[in-house]
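Each of the next two complexes has chain A plus one more chain, namely chain B in the first and chain C in the second.
This part shows the complex of A and B:
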């Protein structure tokens, strides 16, 4: 007889595996995200050229541009986490079979892994096309990991809340602004510090605090939102 | 095998201004079947969703007893078997992968998925998105029986099934009742079910 903890972990793992399996077969979110990321990269590089050679642009503008590209790429795919379950009526079977917190964690793990994969693709390309030199690469990696986790966690939480409403896409946009804005400001600040070679400063603990808060809020809110 | 009973009293549900379910009451015990009939829109599906814990009723009480304990709504969701026309599965996964996924979610051995697919006569490797409506109904039955529930809530349970399919699921239903389970069936027309049967007609 498996313990409740191992059973809960197995449930979350099953959701994560199922989401990746379905995604790799349908490629709906992957195609939307890749198309958006590549298009914005091409447009940005065509408009600005190798802007990284200009020190002022490199520090003040390019970090924000990187996070805007990541934000919109995430917005193209992550809201589907729960909306698709509702629209395809698979949510009924999930409600009856899955512990809500395990479902949330499985969806969160899928969203985080998807976003980190996007970052692994987009960030090196972005640095290359913008000729952007990063003085503290380690800090940039931390910013991408912490910011990527927060962006995915915030998006999955909002998707869970919005999926229960009628005007899902409108509600997602309305909720995304206040929830994701602090995260983006912190991630941009940390990326700017990485490019300039400055210390992480207070942005790093604040970013980690944000990540923890969104995760805990999701675990607490989701069961109440998901079940009647 | 633990004893089971399901009783509901004065259940009512509105969707905005629409009265989807007028006060409904009933009771079904181990080995018994309650057949709920009524015209389209009379609240049969809403009643079953309330009993399954998928909808919160506006008023009324539900008492689902298993082994002497009253189940909470979350326990009810985990313990019942549910078949409904809009219960869907993942089109990208095969019938076997779908059932195995839900078996893992519920902490059940995945071999149970294969057993049930054999019983309902479904090929495990056929993509759920490529199943006919009758085959989907067989998959719903297999899914509903996965965790060996003591209570089955069946909305239009024989819909789209051919004669052989209906015979198979009737046989599964018979085994469920003989083993001390209970069932509530909802249909716009009366259904013939063997064993101890009571009736509830919903109307406006």
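This part shows the complex of A and C:
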């Protein structure tokens, strides 16, 4: 007889594995996010040229553009985490198979890993096409990890809400953007500090606090979203 | 009996409200060296902003009571009514604030941190109302929108730290500032506190009416036709 903790972990892990397996079969979210990110990146690059060589643009504009690309890429793919469970009528089976908190953690791990994979593709490409030189690359990696986590966590939580309503995809943007706005402002500030070579400043602890708060809020509120 | 009490309370609210408005124009003192007569908008702007935050907080409390207090529809109706009132007072605070900004700063809108924050908060609760209208089933709507109101309570405090770093503020210091010391004329302070309390009571009155009409509308929908 497995202990409750180990069966909880096993459920979360099973949800995570199932989501990646489905994803690798259809590649829906992966293709949508990656193509969306690359398309916007090409448009930005074509419009601005190698803007990184201009110091003021590099610090004031480019970090914000990077996070806007990531935000819209996340909005293009992550809502599917819950929408496809409703569309394929697998939500009921999932309710029986896993406790809500384990399900949330599994979905969260899937969303975070998906978004971090996209970041690993987009961020180096962005730096290259924009000729953007980063003074402290370590801080940029921290900003991408912390910001990516918060972006995915907020999106997964809102996706769970939006999947219950009509007009899911439009509603997702309306619901998610106010929630994600503090995170984006903090991530942009950190990225800017990384490009300029400044210290992390108060933005780093605040970003981590945001990530923690959203995770705890998700764990507390998700059972109410999921269980009738 | 209850009718008489209710009538008496409403008459009292009317009297206190009138006194506050009278006080704002004739009792409180305005510093001619600072901003002069335009500062009197303060007695409307500050209580409205304050009341909108009371309303949002009340909405979160009712949402939590709905989720963890036996899932009673009256709590959900109360939360929704509070958000509606909060948006109303928030819009009024924004409008009165930007009128004052036109006089003192020269432009209706200039993305002062306070203006940025209030717009984001209004977007948040606008999204709450959009979310409600996208769900037909009453139980689901109550559950999902309660969760969203609580997420708002977790996320909005971050703006308090972040937004002031982005731009310098021209907004006057809050009356109850960081050092918790009073920096205003006592008469001004009296009118301000009285108005804040009165507007909060006004909010609870409007809120009560709104929640009750919604209860009637729901009951009517449930009647077999």
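Throughout what follows, the second predicted complex is superposed on the first by the 227 of 228 C-alpha atoms of A that agree within 3 Å, B and C clash if a C-alpha of one lies under 4 Å from a C-alpha of the other, contacts with A are read in each partner's own complex, and residues count from 1 in each chain.
Keep in mind that, in the parts below, contacts are C-beta pairs under 8 Å (C-beta built on N, C-alpha and C of every residue); 3 or more make two chains touch, one makes a residue touch a chain.
Here the structure is a predicted model, which is why all the values come from computation and not from measurement.
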- Query: For the three-chain model obtained by superposing on chain A, do chain B and chain C clash or fit?
  - Reply: fit
- Query: Touch check for A:62: first (chain B), second (chain C), both, or neither?
  - Reply: neither
- Task: Pick one for A:90: touches chain B only (first), chain C only (second), both, or neither.
- Result: first
- Task: For A:11, decide between first (touching chain B), second (touching chain C), both and neither.
- Result: first
- Touch check for A:228: first (chain B), second (chain C), both, or neither? both
- Message: Once chain A of both complexes is superposed, is A:75 in touch with chain B (first), chain C (second), both, or neither?
- Response: neither
- Partner chain(s) touched by A:185 [first = chain B, second = chain C, both, neither]: second
- Which of chain B and chain C A:157 touches, first, second, both or neither: second
- Task: Give the angle at the C-alpha centre of chain A formed by the C-alpha centres of chain B and chain C in the superposed arrangement, rounded to the nearest 10 degrees.
- Result: 90
- Have a look at where A:21 lands relative to chain B and chain C in the superposition and call it first, second, both or neither. first
- Message: Between chain B and chain C, once the two complexes are placed on the common chain, what is the minimum CA to CA distance in Å?
- Response: 6
- Task: Enumerate the residues of chain A that count as touching chain B in its complex and touching chain C in the other.
- Result: 228
- Message: With touch defined as at the start, can you tell me which chain A residues reach chain C in the complex?
- Response: 157-158, 161, 164-167, 171, 174-175, 177-179, 181-182, 185-186, 189, 202, 206, 209-210, 213-214, 217, 221, 224-225, 228
- Task: Could you please specify the touching residues of chain B with respect to chain A in the complex?
- Result: 52-56, 73-74, 77-78, 80, 82, 84, 86-93, 97, 101-102, 104-107, 143
- Okay, in this complex, where on chain A does chain B touch? 2, 7, 10-11, 13-15, 17-18, 21-22, 25-26, 88-90, 92-98, 102, 227-228
- Listed in rising order, the residues of chain C that touch chain A in the complex are 67, 120, 123-124, 127, 130-131, 134-136, 139-140, 143-144, 146-148, 150-152, 154-155, 158-159, 161-163, 165-166
